[in-house]
Structures are given as C-alpha cells and as structure tokens.
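We just call them A, B and C in the order they show up, numbering each chain from 1.
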Amino acid sequence: MIPPSPVTLSAALGVVEFAATVAFAVSGLLAAANKRLDAVGVSVVAGVTAFGGGTLRDVLLDRRPFYWVEHAGWLWGLLLVCAGAMVLLRTRHFAVTRRALLWPDALGLGLFTANGAQLALDQGLPAVVCVLMGVITSVFGGVLRDVLCNDVPAAFSDHQPYAICSFIGGWVLLGMHAAGAPLLGALLATTVVTAALRLIAVRLDLALPPWNAGDER
Amino acid sequence: MIPPSPVTLSAALGVVEFAATVAFAVSGLLAAANKRLDAVGVSVVAGVTAFGGGTLRDVLLDRRPFYWVEHAGWLWGLLLVCAGAMVLLRTRHFAVTRRALLWPDALGLGLFTANGAQLALDQGLPAVVCVLMGVITSVFGGVLRDVLCNDVPAAFSDHQPYAICSFIGGWVLLGMHAAGAPLLGALLATTVVTAALRLIAVRLDLALPPWNAGDER
Amino acid sequence: MIPPSPVTLSAALGVVEFAATVAFAVSGLLAAANKRLDAVGVSVVAGVTAFGGGTLRDVLLDRRPFYWVEHAGWLWGLLLVCAGAMVLLRTRHFAVTRRALLWPDALGLGLFTANGAQLALDQGLPAVVCVLMGVITSVFGGVLRDVLCNDVPAAFSDHQPYAICSFIGGWVLLGMHAAGAPLLGALLATTVVTAALRLIAVRLDLALPPWNAGDER
C-alpha cells in the first residue's frame, strides 16, 4: 500500500470536518429553536453544537489553530445559516420535528467519529484513547448544547444508542488501519458504519439497558 | 502614528483586565447571593464569573499564565470582597436588585470586550475571530455562572441585547485600529460603546426578536 | 533533608492519583446510578467524575499527556467497573445511600487535594494558586458530575464543608514543605487532614454559614 501524502490526509480530514460541522450546526439550530431561546442564543447554541466537540477535542489534544479559527469564514456561514433559518421559520409555519433532526445528526455523528479518532491516531495515542476522542468529538457538541439549554444531556439519559454507535465506529477505524486499508476508505467506512448503526437503532427502536432492573423508562 | 511600546500595551491591557475583573466579581457575587448558595458557593461563583471568561479565552488562545496566576494576590482580594460582602449583607437588610447589577455588569462587558478582542488581534487572528474572542471573554463568565447555578444562561434567553453589544463593540475596536487610532483610544472607545449600548438597550427596554413569530415572550 | 529523586516524586504522585481516581469513579458511578441515567450515561458520568478534576487541572497547568492518556488501561478498568456494578446492582436490590458515598468521596477529596497542589507547586506557582489547584482537582470532578446531571453543584449549595476541607488541606501541604518535611509525609498528611476534616464535618453535622441571615436552610 502506498501511504497517502500529508496533503491528501489533510484535505480528506478537512472535507470530513466541514461536512460534520454543517450537519451539527443544523441539528443544533433546530434544537435551540425548539427551546425558544432568543436569536443570539440560537446562534450561539448552533455554533457550540457545531464547533464544541471539535474544540474540546483540540483543547484535549493541544492542537491549534481551531477549525473555526483556521476557517474563520465558516463563522460567517454559521451566522448566515442562522439568519436564513430565522426568516424561513418565521414566514412558514415550519414544525421542527425530532425526525427532521435525525439524519443530519446521524451523519455528523459518523463524520466527527472518523475525524476525531483519526486525529488522535495521527498523534500516536493508544487505541482506546483514539476511540474515546472520536466519541468526545462527535458527542460532546450535543452534550454542551444540552448543558447550555439546561437539560440532562440526551446522549446520557434517553436510552437510545448514540455514543455507543460512535464507540463501535471508532473501532472500525482502528481495525481498518490495522488491516492496512487506505485512509479514505477507513474514514468513509467509519462514517457509514456509525451513521448506519444510529439510524438502524432509531428505526428499530432499540434501547440501552436501563441501569437498574426496577427502572421504569 | 507612533506604535505604542509593548510596555504601554501591556500596562493598558492590564488595567483594563483588572477593572473588568472587579466589575464581574461584584456582579457574580450579587447574583450568587440571590440564589442562596452557601458561602463557598458564592465565593466560587463570584470567582468563576470574574475569571471564567478570561480563563476560557486564555485556554482557547493557548496563553499562559492566566491572569489569576500572574496576579495571585487578586485571589485574596476576591476572598476579602466575598467575606466583606457577606458581613455587609448579613447586618444590613440589603436587597440585591437587578438594577444594582446593571452598571458593573455593563462596565465589565465593555472592558472584557476590549481586552479579549485586543489580545486576539495581537496574535494576528482573523477579524471575526477577534470579535468572537471579545464576546467569549465578556459573556462566558456569566454563562458559566448561570450553568453553575443551573439556569439557562440569561445571555441566551432573556431577549435583552447583551452579547450583541459586545459583538458591535468588537467591530469598533477593529475599525479604529484599521483607521490608525491610538491603542488606548481604541480600547476606551470600545469599552464605552459596548457599555453604552447595553445601558441604552436596558433603559429603552429593547428586545431581541423572538426566534419564532408565534413565541410569547 | 535529602530532596526526593524525580523517580520517587513521580511514583508517589502516580500512586496518589490512581487511588483518588478509583475513589471518585465509584463515587460518580453510584451518584449517576441514583439519577437513573442509562448505561452509557452512568459510564460517562463515572469517568467525568473520576478524571474531570484532574483533566481540568492539566488543561489549566498545560500538562500533557493526561492521566487517562498515559494510563489508557485504566479506561478499560473504568468500563469494567461500570459493567460489574451494573450486574451487581441489577441482581441484588442494592440501595445506594448517601452514607455509602461518604468514605470513597472523602478519600478522593484528600488524595486529589494533595496531588493537585503538589503538581502546581512543582511548577513553581504562587502558594494561593497551588492551594486553588488542589481544590479544583478535588472538587471540580464532582462539579462537572452535577452539571451533567443538571443539578446545582452540591459542593456549592448543600452547606456542608467540602471544598473548604480541601482548601485547608492544601495549606497543610504548603506548610509542611515550608517546614522541610519529606515529600511522602507531606502528601500523606495532606490527604489524611483533608479526608478527616470532611468526615468529622459530616459526623458532627457542621454547616457552612448561610449567605444571608434570613436564609432558611
């Protein structure tokens, strides 16, 4: 196998991070609008959902500059998306359903899992830490969103498989690298497996085991 | 224009940061006392409100030492202020009104906006990131305060202009630097504009547009 | 006095950090189980309680690698503990009482106080900052736990001495070093004093003064 050049690596990761960011911004914006925050609050929560997981990952990995510093133009993009959504939601009586959130959120989960685990792998961190960085990158944007909205994070309390899909997806990435798969293939497979697991779990209404046998859910 | 020497720059920023810290400590202390936290909780919340925004800014900009490490004496100052306020609030029946919080809070907002945006500018970051660092420095102390107090951050939900004043103030700083204004003038103008916008907005009872047309506020 | 070799220092601190981590993981796990989070949520909250204070300390002190990166095996240990506890709690009707949390929590408080203050001291930080780092290391794991569980942090609101025991313990460490005590003795004394203060305070039902005279508790 010919190792990918650093340029290819960087470009592939950049595309993955961009797509995941957009997916999460939309997911965060819709969730915050549902909470009836004001216009500033919706924009901030959308931004934190989009960039929070990646920023936490970068703080933990001591990476600089952040994605949103290197690509500062996307901050304008975020503001435009928020302003556009605001006009759209005002004029049409657009009902924001959980269903509408599902697809972009599953996609962002998969993309950030691949991105976070790959970046940790590039630093030579232990396998379990790489997988955990994928989970942190993909899940903690939503956790910060819920903390700002003063909710118990849905990822920890709704008994739907979410973080665990990212956890499994991270091991797919490590397994494919161990098997010598090309970088782009490994990133793509990780994204698809993670998102598919999430979508299947929701479709089949799978539930995590409750902590106590006596729990009503 | 003669560029300011590093010493002048450093001294000016130091004064700004000190004044903003005191203003926010008082604001945080009064808010926490209203929540009836215990003495430790009030001191911690006052400290987080005062130093939280600047510490988050320094973590994001990878700056060390923190303000409260470099000027460790101010930690003692904070404890003294808390102890003093505790005695004062116990002996007199001092009603802490929203009105009493308004002025120090608006001042802190303006001072930290100038300080945060200037520090990011010194690192050569893009304009929109500099403005955002001003907003993070000035607003996220209060956001952390509200998260610790288990409230939805007021900055995102009370429909009063707050973060947006900081956002506008940040552009004043960048505009004045682009126009070749002296450093101290730019810092002062930013502080005054931001604080004035906040005070005017509260006086005139301006409200951010609600997110949905159908929102009751 | 012969100064301890770096190896001894590192080993002693490692043992202290390990023991404190286990104590807090158990404490966090029991607390999260009480909140009826799902299996993922309990594991994450246990992990954040165990590693959160130390990770926040390392981010503030700009130390890398984190404890859980350097000793990645303990992440597996954490998952095993969570899985084991899950089975145990399901089969037996094990009532998790506040009493069961008291001892591991007090021990973790003491151990992390010693560890955090010592690490800050090694960086040559001012005395009050060292003491504060001990408090942050020992208390903020629990604060993050409560924030994730959407509670006002117990450390700030339950009027029981907790952070203040860590604060006093930190000064014991600094005092013993100033008096030329050996490293291990200073760490041990700090741990014992802090944990004992906490246990005595709970046993005697001591309460922090309420903030306002008019407060009912």
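Operating definition for what follows: a contact is a pair of C-beta atoms (placed from the backbone, for glycine too) under 8 Å apart; a residue touches a chain by one contact, two chains touch by 3 or more.
On a predicted model such as this, the values are computed, not experimentally measured, just so you know.
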Between subunit A and subunit C, the fewest steps along chains that touch one another: 1
Can we say the copies subunit B and subunit C touch using the same residue numbers, with more than half in common, or are the two sides different? different
Centroid of subunit B to centroid of subunit C, CA atoms only: how many Å? 30
Of all residues in subunit A, the ones touching two or more other chains: 59, 147, 150
Subunit B contacts subunit C in the complex at 32-33, 35-42, 44-45, 55, 59, 64-66, 68-69, 72, 75-76, 86, 89-90, 93, 147-150
Give the list of subunit B residues in touch with subunit A in this complex. 59-60, 62, 125-129, 132, 143, 147, 150-153, 155-159, 162-164, 208-215
